[in-house]
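Okay, so chain A shows up in both of these, paired with chain B first and chain C after.
Moving on, here comes the complex of A and B:
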């Protein structure tokens, strides 16, 4: 008996439409020639992009967000990779405890983290600045880095390290010439994910930024007043920047490792989950 | 010049929690020999090899290379190199860089120049017949090629001992046979000591000069392959090496290395493997047994199964003293009755009177 497939197919198509149509509409209106948001868009133009790139507040927000994303990625990847090594390579009770502890921020409501950071800043008399923005982002992104890198380290054939030792390499040489190159795609992927999370984080940033405005905060402040068509252009940028970066990363990994994208971050995340 | 590469193992013991992997083991591996450690999986042979390589630390005992104690040296400072079961090639390096890796790990001043490294890598790839594959990556190699690269990589530092951890077990039968012969050729060409771990008795017997049979963390016997096959010292070795039939018999008298035994009413002289007068287990090899007309041999049997092995058929028969294996040239239908005969001097008598058992089928 042939099983009917159309109910499942219809459901899948509806779900995809539900996810992507709003995105498509935003992108379409980002390139809209007219100045109101009525359907259909009137002609294609870059006027909204010109408008926002001419706006100092937007440019400053973009600069702040990019700086925070890069700094967060760099710090989270160093701390997270070191932590992943400790967890996987020294599997004692403290390490297990530490691993569970390091997953906690993923499960905590961002609102709670934000309030906690505000309380901490008050207690220690720290003023909001770029540093506090980065600190908040590092807290929420490091668990992802640990998850991805630890998963790669667990799915990794230890005998290649033994072979390197056997061929005269010291433990430090093994780390530099064998282990790190082999897990580099996972580390890089983890960093890209950390940057992407940081780039559009808004909840915690709201509490830690003070007068500094990141790009997502800039969008929010715009929307608070009116629905401004230029917001669509900003949203398009927010959407495309992470996609382009992640896409390029996947391409690079595929070229680097031949046919199979060894340690593609998505794969690692799926395995770790 | 006397050959180098003698390995001396004294009282090596290793425990993993409650489990004892090695019981205070002594072993001398002569310089330049092709030595096999043979045993079932879990017998401790790989643990012993890793202790020799320095990849595992023994709880007790010492390892010496040409008389020098190296027990406390890390693997990178031992004159030994290892070939791993699953190759363990560096996936991010080309074949040439894999093979040359061992030449790039010395302190900067002692490191060979790039030119010398190139020459030696080429020599090694030549030795294993892969001169044309230097630019490939490990993921582009077949299993046989990968293991050849692993051998070349392990030999480039001119180790005095090459340690091989079941290097052929992951390969197809034909590749395995070709690589086995190639290992023999390389051993003869270089004169390096080869310590070869395997669970395959045919492999061990066909290529080694000396075989050490291991069981549950102990050495059962160390001898040349012919002695191992013809006079297994213990019941375990006898069972593990090749097919044979074990009959419960009675020892009437013992003397001069022979035991006068009685099996199924037939008295004959078997080699003595430490028996005393009384019950014993007698091993009869398939090649000692002859199929004759029913009633005219020492024992009658009913054919249960007849398996084709190319140059012979192996019959599994049931007799009144237990199952019995023998070889014939022509197939025999299951259910047929036949007689089993053997000469007056045959078999080996082992202590113990447990039920008769048949040795493993030889693959």
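Moving on, here comes the complex of A and C:
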């Protein structure tokens, strides 16, 4: 059967360009030597990076965002992995209820989570702080951890565990020596994704941060002014940090366990809807 | 190895506490706040008044916001779904060896920064922006074109850019579970290309289409940053910006809360309409939950 392939291929290439060109433009102009945001870029320089790294507000924002991202990743991965175990290994009505309940925060616009947290903070007289920032981030990242780890646990060969038990391993040994090492890449990948989401989160953080400024909030405050080329450098950092970390993780997982591991977080992320 | 009941309960406790304390209780408080009101000193007074809801439903200015929201969220959802479907179809059935690397590219784009995208579209599309200066440098145009900046179109383009990797992955995950032999069988039995898509591929990915459309629609309607930085004044005020304004500018928190629940109700109506429409078109089975 003859198929005309080029229209679909062309469309796919154009769509990929549409996705990537704006992202690459940010990075390109982050290293721009001139101060005009017009074509062509004027030489390569690190002047905008030097400029922002000299800015106290930027450095403190970076520190706050990095702290929030690491804390969020750690909490979300513990809560999510524990829940994923219960959901997959004891699949009853309660587990199903928890699984769909955990997706609620991702299905609501972040604005709703943000203003709901404001309501709770007003009611219980909780002041905005790093803790409220992290709470907001944990809510929206835990569902991703559950998705990714649960999917790994579901596509996993249980006979390995049975074999270990037959050979006399205690349940604790099976968990430590068999189960956890096998699902470790998925857990790590989930944590990285949680950190990346937290690092970039602004829609909820805007309501939960009070006077603390995260890196995205720093960008937001700069966006309110006119176009400022140093924002390119900050935006480049916002993009590159998660990209490098997620990219390295994907490559590492791919080397460890074949292409399936790359597809798995992707497809599991996809099922979030 | 299945878990004991006690262990399963122990493992679910942190998630339960998180959902209860950080999602369910706050949403309940938000609902309660929507019946409160504010006094002259902008203090929130607890009580039970339906005044906020009455104001939202009867004041005509809110209808403008509703229309704007629809004019931004609907095109964004359609563009993200159509683009995502094309890309996902390509990935699932045509990409061959490139599939793995393309999937990684899309996951990485999914991790792309929301704010960086908004900023990028601002620098790209202004009168002296990158697109205009590129066109002039290439002698395609002489003067600057009146481009899309500060319009609903700009908002739709940027949001579509943001949601595309997501819709692509959702639809890919659904399409990749359709055996290619089904398509081949339909073609062998004489179905045209379009017929095969319409009768086989679309219905089999109907649930993902339904979910992804609603997801993008709802998130776009609740986005309160893109419309402010890329939209025109007056034409791009959405429910999202309206609610955010109540919290940051006018400080009428109870009104903001009630607008949020009105928006939720309107969204429920969209869910019902889309479900009925897709069932009528044979894209969703008659009896799914």
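Heads up, the rule we're going with is that the second predicted complex is superposed on the first by the 253 of 273 C-alpha atoms of A that agree within 3 Å, B and C clash if a C-alpha of one lies under 4 Å from a C-alpha of the other, contacts with A are read in each partner's own complex, and residues count from 1 in each chain.
Operating definition for what follows: contacts are C-beta pairs under 8 Å (C-beta built on N, C-alpha and C of every residue); 3 or more make two chains touch, one makes a residue touch a chain.
A quick note: this is a predicted structure, and the numbers were derived from the prediction, not measured.
Participant: Clash or fit: what happens to chain B and chain C when chain A is overlaid?
Facilitator: With chain A as the common anchor, chain B and chain C both fit in the superposed model.
Participant: Once both structures are overlaid, what angle do chain B and chain C make about chain A, taking C-alpha centres and a multiple of 10 degrees?
Facilitator: 100
Participant: Return first, second, both or neither, reflecting whether A:160 touches chain B, chain C, both chains, or no partner chain.
Facilitator: So A:160 only meets chain B here.
Participant: Looking at the overlay, what does A:170 touch: chain B (first), chain C (second), both, or neither?
Facilitator: first
Participant: Which partner, chain B or chain C, touches the larger number of chain A residues?
Facilitator: C
Participant: Contact-wise, after the overlay, does A:181 reach chain B, chain C, both or neither (first, second, both, neither)?
Facilitator: A:181 contacts chain B only, not chain C.
Participant: Classify the contacts of A:19 with the two partner chains as first (chain B alone), second (chain C alone), both, or neither.
Facilitator: A:19 sits against chain C, while chain B stays out of touch.
Participant: Looking at the overlay, does A:250 come into contact with chain B only (first), chain C only (second), both, or neither?
Facilitator: The answer is second: A:250 touches chain C but not chain B.
Participant: I'd like to know which partner A:107 touches here: chain B for first, chain C for second, both or neither.
Facilitator: Second partner only.
Participant: Chain B and chain C, closest CA-CA distance after overlay, in Å?
Facilitator: 10
Participant: Check chain A for residues that touch chain B in one structure and chain C in the other, and list them.
Facilitator: 162, 165, 259, 262
Participant: For the complex, give me every residue of chain A touching chain C.
Facilitator: Contacts found on chain A: 1, 5, 8-9, 11-12, 15-16, 18-20, 22-23, 25-26, 29, 37-40, 78-80, 82-83, 85-87, 89-90, 94-95, 98, 101-102, 104-105, 107-113, 115-120, 122-123, 135-136, 138-139, 142, 146, 158, 161-162, 165, 171, 174, 193, 196-197, 200, 202-203, 206-207, 216, 219-220, 223, 227, 231-232, 235-236, 238-239, 242-243, 246-247, 250, 254, 259, 262-263, 265-267, 269-273.
Participant: So in the complex, which bits of chain C are touching chain A?
Facilitator: 1-3, 5, 7-9, 11-12, 14-16, 18-19, 22-23, 25-27, 29-30, 32-33, 44, 83, 86-87, 89-91, 94-95, 100, 102-124, 126, 128-130, 132-134, 137, 161, 164-166, 169-173, 176, 184, 187, 208, 211-212, 215, 218-219, 221-225, 229, 240, 243-244, 247, 253, 256-257, 260, 264
Participant: Using the touch rule from the top, collect the residues of chain A that touch chain B in their complex.
Facilitator: For chain A paired with chain B, touching residues are 157, 159-160, 162-170, 173, 178, 181-182, 258-259, 262.
Participant: Where on chain B is chain A touching in the complex?
Facilitator: 53-55, 74-76, 80-82, 84, 86, 88-92, 101-102, 105-106, 137, 139-140, 153-154, 157
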